[in-house]
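Next up is a structure, given as structure tokens.
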Amino acid sequence: MNSLPQGTGALFADPSANRAREAFAAKPRALCDKLTTVADAVARLVRDGDYLAIGGFGANRLPTAVVHEVLRQGKQDLSFAGHTATHDFQILCAGNLTGRGRTLAKVDVAYVVGLEARGLSPHARRVIESGEVECVEWSNYTLAVRLKAAAMGLPFLPARSLLGTDTFRHSAAKVIVCPFTGEKLVALPALYPDVSAIHVHEADRYGNCRIRGTTVADIELARASKRLIITCERLIPNDEIRRDPTRTVIPFLCVDAVCEVHYGSYPGNMPYEYFSDEDHLRRWLTVEKDLDAYKRFLEEHVYGVKDFAEYLQRCGGLPRMQQLRQREFLLDRGR
Amino acid sequence: MNSLPQGTGALFADPSANRAREAFAAKPRALCDKLTTVADAVARLVRDGDYLAIGGFGANRLPTAVVHEVLRQGKQDLSFAGHTATHDFQILCAGNLTGRGRTLAKVDVAYVVGLEARGLSPHARRVIESGEVECVEWSNYTLAVRLKAAAMGLPFLPARSLLGTDTFRHSAAKVIVCPFTGEKLVALPALYPDVSAIHVHEADRYGNCRIRGTTVADIELARASKRLIITCERLIPNDEIRRDPTRTVIPFLCVDAVCEVHYGSYPGNMPYEYFSDEDHLRRWLTVEKDLDAYKRFLEEHVYGVKDFAEYLQRCGGLPRMQQLRQREFLLDRGR
Amino acid sequence: MHYNPMELMICCAARLLEDGKTAAVGTGVPCAAAMLAQRTCAPHLVILFEAGGVAPQLPTMPISVGDSRTFYRGVMATSMCDIMETCQRGLIDYTFLGGAQIDAHGNLNSTMIGRDYARPDVRLPGSGGANDLASLCWRILVVTIHDRRRFVERLDFLTTPGYLSGPGAREAAGLPPGTGPYRVITDLAVIGYHEQTKRMEVLSLHPGVGLEKVREATGFELHVREPLAVTEPPTEAELRILREEVDPHRYCIGR
Amino acid sequence: MHYNPMELMICCAARLLEDGKTAAVGTGVPCAAAMLAQRTCAPHLVILFEAGGVAPQLPTMPISVGDSRTFYRGVMATSMCDIMETCQRGLIDYTFLGGAQIDAHGNLNSTMIGRDYARPDVRLPGSGGANDLASLCWRILVVTIHDRRRFVERLDFLTTPGYLSGPGAREAAGLPPGTGPYRVITDLAVIGYHEQTKRMEVLSLHPGVGLEKVREATGFELHVREPLAVTEPPTEAELRILREEVDPHRYCIGR
């Protein structure tokens, strides 16, 4: 049994189910009003040294306002779940090597640095290649399974990927044997993030949430997180939630703050709402090449604006959002 | 490690993930027309000696037509997942000790024999107390976890209940230790049923399904099953499925037959459609007390009718269904 | 104001539920108790049903733990795994259970009566969700009629864990620390558990009930917490709400 | 009819997809190949995206594996775990992958270039879903440009499993039996794997390409299946559909 392989990577979060239960035991349970601003939510709920996770997939259904606010408030030494992180990871990297301390300290990598077909982020590469961020390797599914283990209140779950690779070797996973069939499996330690942010279509002020389209790993993430910030496109009455409880995918029990942020996934895609702003994302990737130009860009778009609404204004405001809405519904293609 | 406790119960289904993959590999994947009759579906897909599982919870969202048809076709020696089985188990027990061979041979028990607050089924007690059915004990959650393990394509999953009890001792579970935290867990062998039946609100002819209200363990069950029969209140066009893919909870990939059965959960409750027929359920419980009377009742309601529609007719037909619909929407209470 | 034993038991159970907490309930008495608590001492009590209903606005008493009442105007209609895993994460404070037999440590039998598992004298339903809820929720409440057939020295089958064999046994078995039996409410008394022994300890006797009567109805040795209190009878307000709003058809409280 | 190497690669990839099967695809070339296959040889091919899209009617090429196009008029929009577990259950026949480096056994590197993991020369995104898809789907297809920088004797990092160290290695590691690399489609050739050695074996050379050119572009020894075929060039119908319906904006096939 002792000869079974195990990864050499570090664990950045405690997988103990018993200790997680203690944290969840202290969470308020009543239906109470959690509506607040992003600034307040981040100030209260994101702490230096926290393990942070962000919902959505890549730049889709991204809680961008929260990620900007983490930068603006200068949060330091975060651990991060790099689960198909694209633009979110790119934004967080802006808090490293730009003269504002070190936002990111540790990253569980499934997918970072890249923005899918759009290419690699020069600054994210700079940050990781500098060695100042400790990385441990996973895959999209195994990192999702780690969140699922936590969502189930367990210390680990098995899966069948990762095996036999350097990704496994640089993970913190272990090979185990099924006690019933003898089949080899990879054991994945539960990941209970200290704090997470998820952007949803609709939420009531208690935190009951609806998502349209793919849920990616957010149903698991919401349940796994010790603290959870929800941003929503639209605040809706509790009465509307109760009219059709089948549509609720995240219950209020998981949620600590609710913030209404229109166009909250910009410049990412929000399914059934607006498409991604590819021009803006391309500009971001381009400007990163030169560190000084990037710092000016960040000043202009993140540090020097008071909130997300002002950022949207600088990116073209409502007329731009209108274009992106047309693109989402293919109305720009003559439909 | 060898001193960790393990249950003494038998495994009625093979938990091997590798062998389950072989079965799933042979399943057709294309979007093809699966619409058929319940009689055809049961004749083709339920085989003597199969491990059978039934969706819903108790008498709620029950695929009653399939369960009746299993009796009518005289299927023999089934293993059964007794996962909050109430009226479905009661019906299946009618195939034992009534001169028609032995429908049930083995039962994984989480909840059987009872009909919740309505009391115990005299005939189900008769069947189990006779000793002709081999039982192994579980709980509602651990049996659901066994289905979840199968739905995930794994040979086992851990959980934190069952431990320390006779329920564990009479299960086929094993105690394991978390490889990361040392926390003790119960390892639950995956349950891949040979065939299952689930009643849903809406399905298209390929088998894409929508459920309103609680899904109980049916999302897991659909994915865990090697063969799956769907009965639906309403067949809907594939176009309607594609209009809102967020609402699909069972994809066509899992499904082998689709049968449109109006009032298909009768005498059980179908959320947002019709309430349970408590009078009929009470009558069933009462008539079971006398075995001869019960045989006549079964002849009249199951064996002697050609299909489920005729059963509904004998139970009061559309006027009765109309009353139950009013009861579901509380319209009988002056709303 | 006159009341029957069932009404008293429901009122006692309701009073144990703290405001702003969560409770996984079933049908019948537990549900009535939770509904009464929401209308009296615990307006922000959140109730959940194991089949998937979260925080319904119950229009009537459900007949089944999974019927449509259990998520009527709820905030979420989800799955059994989701509910049970919410318990497993430590988010559910109370659960209500019953059984055919209970022992001094609060262990429950709902599986069988008899000596031979393969040929039981009486086959009962089995665990259902009880084993899970008793393993995973923080505090277990039991509401039951009090007699020697039920309160036994030795269970025919230990379906659902109380304190198992005593102090430390739950943790040794691997159950989540800090969980376990909390109160037993019977038609004779309100019973807790002794801090050291984890055996039942009578906390209060219902009005008109003597300790001897409780001892006679119990098949094992009971601790008694001194000074032994008398259970507060139901208030008029409690009875009115219970009879008019919670159980107007008297499904639970009887006729 | 004239065609470019990318068009040829997409056509070759499309032809490998059997009708009535399932394929987990990403953006770009794999998606174009699957869309082309649906319009030619495999009208009943079902495509899935790892972020949760099932059987969409793609109106345009997606930009992201999780954008709204990936479930546009799909039959289900679900979760990543649901898709990956559908793979894990053995229901997904094909997956398409790429990488910065590939070795003779079809193992892929998309994590880093360099010798020191802690201080890479070039940090790449990591596995993403590639390791999972390559572990869990039945057949792995790789579409890639063919040069010595990519086709290497030794990967800097083995991100995603091909046949690992050779015959039996996947099974020994615990990966599901019967899975593994199937074809590599490059701008020079179509490559399979040798039955015994599980090393790459050239199956066909693209029109105008000699075996020497392929060997020069490859950093390891290649098997050659005799008689060595010439890749069937794209048909007019394939090219028309690819250019007009699949990729009218020429995102993949270039200008």
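The letters A, B, C and D name the chains in turn, as written, and every chain counts its residues from 1.
Keep in mind that, in the parts below, contacts are C-beta pairs under 8 Å (C-beta built on N, C-alpha and C of every residue); 3 or more make two chains touch, one makes a residue touch a chain.
Please read these numbers as outputs of a predicted model, since none were measured by experiment.
Path length between chain C and chain D in the touching-chain graph (shortest route): 2.
The set of chains touching chain A and also touching chain B is given as C, D. For chain D, the chain with the farthest CA centroid is C. Looking at B-D and B-C side by side, the one with more C-beta contacts is B-C.
Note on chain placement: the centre of chain A and the centre of chain C lie 40 Å apart, centres being C-alpha means. Averaged Cα coordinates give chain A a centre that lies 28 Å from the centre of chain D.
In chain C, 53, 71, 77-78, 81, 88, 136, 176 are the positions where the chain touches two or more neighbouring chains simultaneously. Residues of chain B in contact with at least two other chains: 17-18, 152-154, 159-160, 183, 185, 212-213, 245-246. Taken pairwise by the contact criterion, the protein chains fit none of the simple patterns, being neither a path, a ring, a star nor fully connected.
All chain pairs that touch, listed by label, are A-B, A-C, A-D, B-C, B-D. For chain D in complex with chain A, the touching residues are 27-28, 50-53, 59-60, 63-68, 70-71, 77-81, 84, 88, 107, 111, 117-132, 134-136, 155, 157-161, 164, 169-170, 172-176.
Only residues 1, 11, 15-18, 152-160, 174, 176, 178-181, 183, 185, 187, 189-190, 211-213, 245-246 of chain A touch chain B when the two sit together in their complex.
Chain contact summary for the complex, chain A toward chain D: residues 56-61, 82, 84, 86, 109-114, 116-118, 120, 124-125, 128-129, 131, 135, 137-142, 144-145, 148, 159-167, 170, 175, 183-186, 212-220, 269, 271-272, 275-276, 278, 328, 330, 333.
The touching residues of chain B, when paired with chain D in their complex, are 17-18, 20-25, 27-32, 150-154, 204, 206, 208, 223, 238, 241-243, 245-246, 248-249, 251-253.
Residues 19-22, 44, 46, 53-55, 57, 71, 73-78, 81, 85-91, 93, 136, 138, 176-178 of chain D touch chain B in their complex.
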